[in-house]
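What follows is a single structure, and I will ask about it in a moment.
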């Protein structure tokens, strides 16, 4: 039977080889032909080409407010860009020699977190619109063309993952190696961030500016020199809640319910670190396997005699939990929320059940910051109906920081982006959610907010200024206590 | 051509393809298209073997794949083993895991087998996610460095490509060898008519277990290389999406040939990497392409390709009687399909047998009706 | 199994036990006694035909012997060993071969592969992953010999799905003979065959080795009486007659319950394609 | 033996937590109700048309989302759920018309439904976005009742899911065993050729079965979307859960699906309450154990065996 088997394998193998070659060349052709960001081969004089594209797109585009508003808001938020913008169309002739800079943005566009991917991309696009870009279309994967920084055209490439590290790395590799992305904005989730850290470390000339990945070890332990985070991590987002619960709310004994993976460990860990340091105790830590829909059996495990229940989960899980907790206990024991559980992105769906929930987090709706109000207005103009949440704000801040640093170095990414990365590390500005500076690990020190859900929005209880990665504890001691896990910290 | 020269010819073709590819494609394509489709193809080949040769539709191959990958990562990153020792143990873990899957599901067939193996696959996924002391939970293992081989660093793409290609060829050759042995014949017997196989003295259970164990070699090899490729392994590497992806790879490639898995892997990899250039609804397009391939040919792309090939041959007048069996089975799927159908539990065997008979006179099936010729 | 492959695992009979012994086998379905206390021996080289009209219990008896059914009482012995509760594949390994009434083959395998599969089935190397060239050559020779023995020369490479009905029966017999069994059970081998094919089959059966014990459950009088050395006739689960073919043909009881019907059937067959009345 | 030991262990653990055992029981039954709604449709299609419909989870999700949109329009849960079920019944029928092209060929058929499942999930994302959402229960079923001896309550809607499942099971039984249509359906499954000789269009019968299964999945979507929520990925979760139930019960057996739904639901609720971290492993381990011991499920017949 050997004969039958071996019969046509040579043909298959030859075909395989042919298809590999064909596909490879096709792939290149297609990406150049299809995406307006014709970035892969500099020989094609892309600057001129993209400018014409950008022009026609702008004319055809339905997004009239975007161009005008982009100019308006960029006037008040960034001083340097206005003149460049004015000159951009005139520069078309002279810009031919300038190699464009490609920004790759990655978020979860498929799978359970797809909605968050949409929010993230809003943030990225808003920042680029400020630099003279125009939207290509309404869909998430439609990019922004025509943006320029210091006379250098900026191209945007968008890739999606399904929240698994493997897919995130492949998508990023596509952006970096196929589309020539110099700067990567993203990713969304913690474990994706850790995987990308490893990948980007091998490409020192590429810069990763984190989106919303909240894993502590993206920057806390073994940081990579080209990874920057302009926002908090999971523990920082939960800063202050433990203390508030003990001192202001008078709780002494709590239970926690959280999804069973590293991001909720960080949140529970941060709460317990503070709460237990003050003398509080934890009666029960309930870990819910990812993929659980029905929380009723977990709700039933909450001891009757605790003062409060801290819960940390996101998306669908938060909705299911809050609803079921409400139905099963009538909220007999007060809830304290983790940051993403009551993020603005799910607040609407939580409805009245979320009313009064206390949490800590990066975004509040009444901070009174002019930057926040401008951002909110701008967001609603360009993407009608959208309101600020962690995802659009963080991706916006990340992209804007990168663009500002680019501007400072005049779009110069030579010498392995050394000047750019140095400038990025020095970024210090007032974002829509408060001032930001980076520490030595290129991790942001930022304001957090203690907040309470009031009338379907997050109202400030207290601003917690300049929270750092070690939550104000001694750095060495904090790092020495190890990564948060199911039973770390021990809490008595 | 003799059998031997055909083997040599296909090896030569493979050698040419392997040596030429790196020169023709970019580094990115070499890694993310070529190497990816090779290791996905290796894993796919293990499933294509199970389905195409033994008629066992398993959804636990991703689990077997994951066991090998995890074993290597755990031994190296948590126990400080030398990489090659870990690779050896991981390679052995593949067939052992396959054997265990086989023992658990030795009595199941058809759809039940599919569902039982699905349950095993999901179980292994959740085990990886929940049993943190061993598996590091949801985060899994990051920062795995591929080993060096004779001083050549396999983190570099060309060496990794060559090694993966050699493994791929070895896997194909290994499966071809197995197909020529007594066991290989028994697997096909199991596929076509398990009850009859039993009447010839074979134990269907032993045959099933043995087929699973053999396929575990390739799944394990795929798992090891995937960890080199990804530099990481986490529950996300073996979740339901990946299981379905592997099934799609095999179905698009076709199960008529082990090599089909590589064709399917290439097609899926290309879709994953380039489809987002055309549409915002990538998943819809992938699903639709998959449906179309299944509708057009039950033997996937291999079936289409071989069908075109034999049609071209006929047009050119190359009638090769020695391969007549093959040509017929390729171009006329309907002859084979009922057997696969009965294995998947869709029909009572008697009906199928009646249909299978090429009757000059009217034949009668198990229910006592006439079915026209 | 490393060096070579031996094709016969079962131990040859060394003592005086008959290859097949059926002892007082009974089996009921609900209230119906399908087989009631049947006993017989079959000696090496002997061809025994089991005859009987519809519902006489032939199939039940057959299924008990090959292990598809457990008897309510009684024993089945192969070469003196009690195999009553053994599964089919274990009986096969102890020297039992059987054919199927509705040809049951492997559609994707060729004629030669069928024979090879059957050859290896009774050896311990049936799931062997090793291949010695000597073993392969030997196997190929045995395969060719069997293929020509059952009259399928030149059809070795043909897939079973392309064989005619008659050829399938030849293949069935070939598969049953392949492991060199001590006992071979033939389940209505002549059913559905054309007159020409039936002649070929009769010849094939007459030429079987003189060491194998053959049990032929048949309903076609012509074939059974031509081929068999000895005949037993069942009626309602009981044995109503036994003896040589000529004795049976002249037995009045048999004639009364069976032959009349059979003659009627024969005349029917000539007018239509449907030959099989055993339902 | 093992069963007795396990039973003893469960009783012992239940006594330990005292008042929570009633909750475990109720949770198990609620889950069983939803699983049964899904599994009965799946098993109906398999048992009668011999199709393994992996798009059944997609129908659940689309049914739930359709009901969600309709509820926002009409404000009435029953109208929304009803029309949602009608919509999925239609979609299911369309699926059958595509499947017909390869009908009778198991693997390609299953693969086609898998492709359809992928397309459905992505279309749900395209039309309803990725933001999780849920339906409001009908006014009469809002709120919770007190559980005796505990601070816990039990939501009325969950209890009505159990009732809904029992009602659906009863209707199915009446339809299949007490009506002419039912006997035609069963006859078609047994012997489609004979039925078509009798002048009945088998395809029409199979279409009806697909529509019924689609309606059940749509109804399950509305129910699940009310007491749980609707989001991307729910289709796979619920498909997996219903597959477990169908397989454990024995493919094609509606009674088996009912028993298995209760068994799996209770095991799941118990495991989640007592071994939270490993609860999923226990659920799948139970299925593996059932299938390893009884390859055709609790009530499976041997008809699909290789034997």
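In this document, chain identifiers A, B, C and D correspond to the written order of the chains, with residue numbering beginning at 1 in each.
One rule holds in what follows: contacts are C-beta pairs under 8 Å (C-beta built on N, C-alpha and C of every residue); 3 or more make two chains touch, one makes a residue touch a chain.
Bear in mind that the values here come from a model prediction, so they are computed numbers and not experimental data.
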{"item": "Minimum number of chain-to-chain contact steps, chain A to chain C", "value": "2"}
{"item": "Chain at the geometric heart of the assembly (C-alpha centres)", "value": "B"}
{"item": "Chain pair showing more contacts of the two, A-B and B-C", "value": "A-B"}
{"item": "Whole-Å gap between the CA centroids of chain A and chain D", "value": "37"}
{"item": "Centre distance in Å when chain C and chain D are each reduced to the mean of their C-alpha atoms", "value": "48"}
{"item": "Whole-Å separation of chain centres (CA-atom averages), chain B against chain C", "value": "39"}
{"item": "Residues of chain B engaged with two or more neighbouring chains", "value": "126, 130, 180, 185, 195, 282-283, 322, 325, 338"}
{"item": "Multi-chain contact residues (two or more partners), chain D", "value": "125, 277, 280"}
{"item": "Per-residue multi-chain contacts in chain A, two or more chains", "value": "1, 110-111, 260, 289, 486"}
{"item": "Which chain pairs touch, all of them", "value": "A-B, A-D, B-C, B-D"}
{"item": "Footprint of chain A on chain B - complex, ascending", "value": "3, 6-7, 9-10, 12-14, 16-17, 20-21, 24-29, 31-34, 36-37, 126, 129-130, 132, 137-140, 142-143, 172, 176, 179-180, 184-185, 230-232, 234, 236-237, 239, 241, 257, 259-260, 262-263, 266, 270, 272-274, 276-278, 280, 282-283, 302, 305-306, 309, 322-323, 325-326"}
{"item": "Contact set on chain D toward chain B in their complex", "value": "46, 50, 52, 98, 101-102, 104-112, 114-119, 121-123, 125-126, 191, 193-194, 236, 240, 243-244, 246-247, 251, 277-278, 280-281, 284-285, 287-288, 291-292, 295-297, 300, 303-307"}
{"item": "Touching residues on chain C, where the partner in the complex is chain B", "value": "5, 66, 87-89, 92-93, 98, 100, 102-110, 113, 116-118, 120-122, 125-131, 157-159, 161-165, 168, 175, 178-179, 192, 194, 273-274, 276, 279"}
{"item": "Contacting residues of chain A [partner chain B, same complex]", "value": "1-17, 19-21, 23-24, 26-28, 30-31, 34-35, 110-111, 139-142, 159-160, 162-167, 169-170, 173-174, 177-178, 190-191, 194-195, 198-199, 260-262, 289-290, 485-486"}
{"item": "Contact footprint of chain D on chain B as seen in their complex", "value": "51, 57, 104-105, 107-112, 114-116, 118-120, 122-123, 126-127, 130-131, 194-195, 204, 240, 244, 247-248, 251, 281-284, 286-288, 290-291, 294-295, 298, 337-338, 340-341, 343-348, 367, 369"}
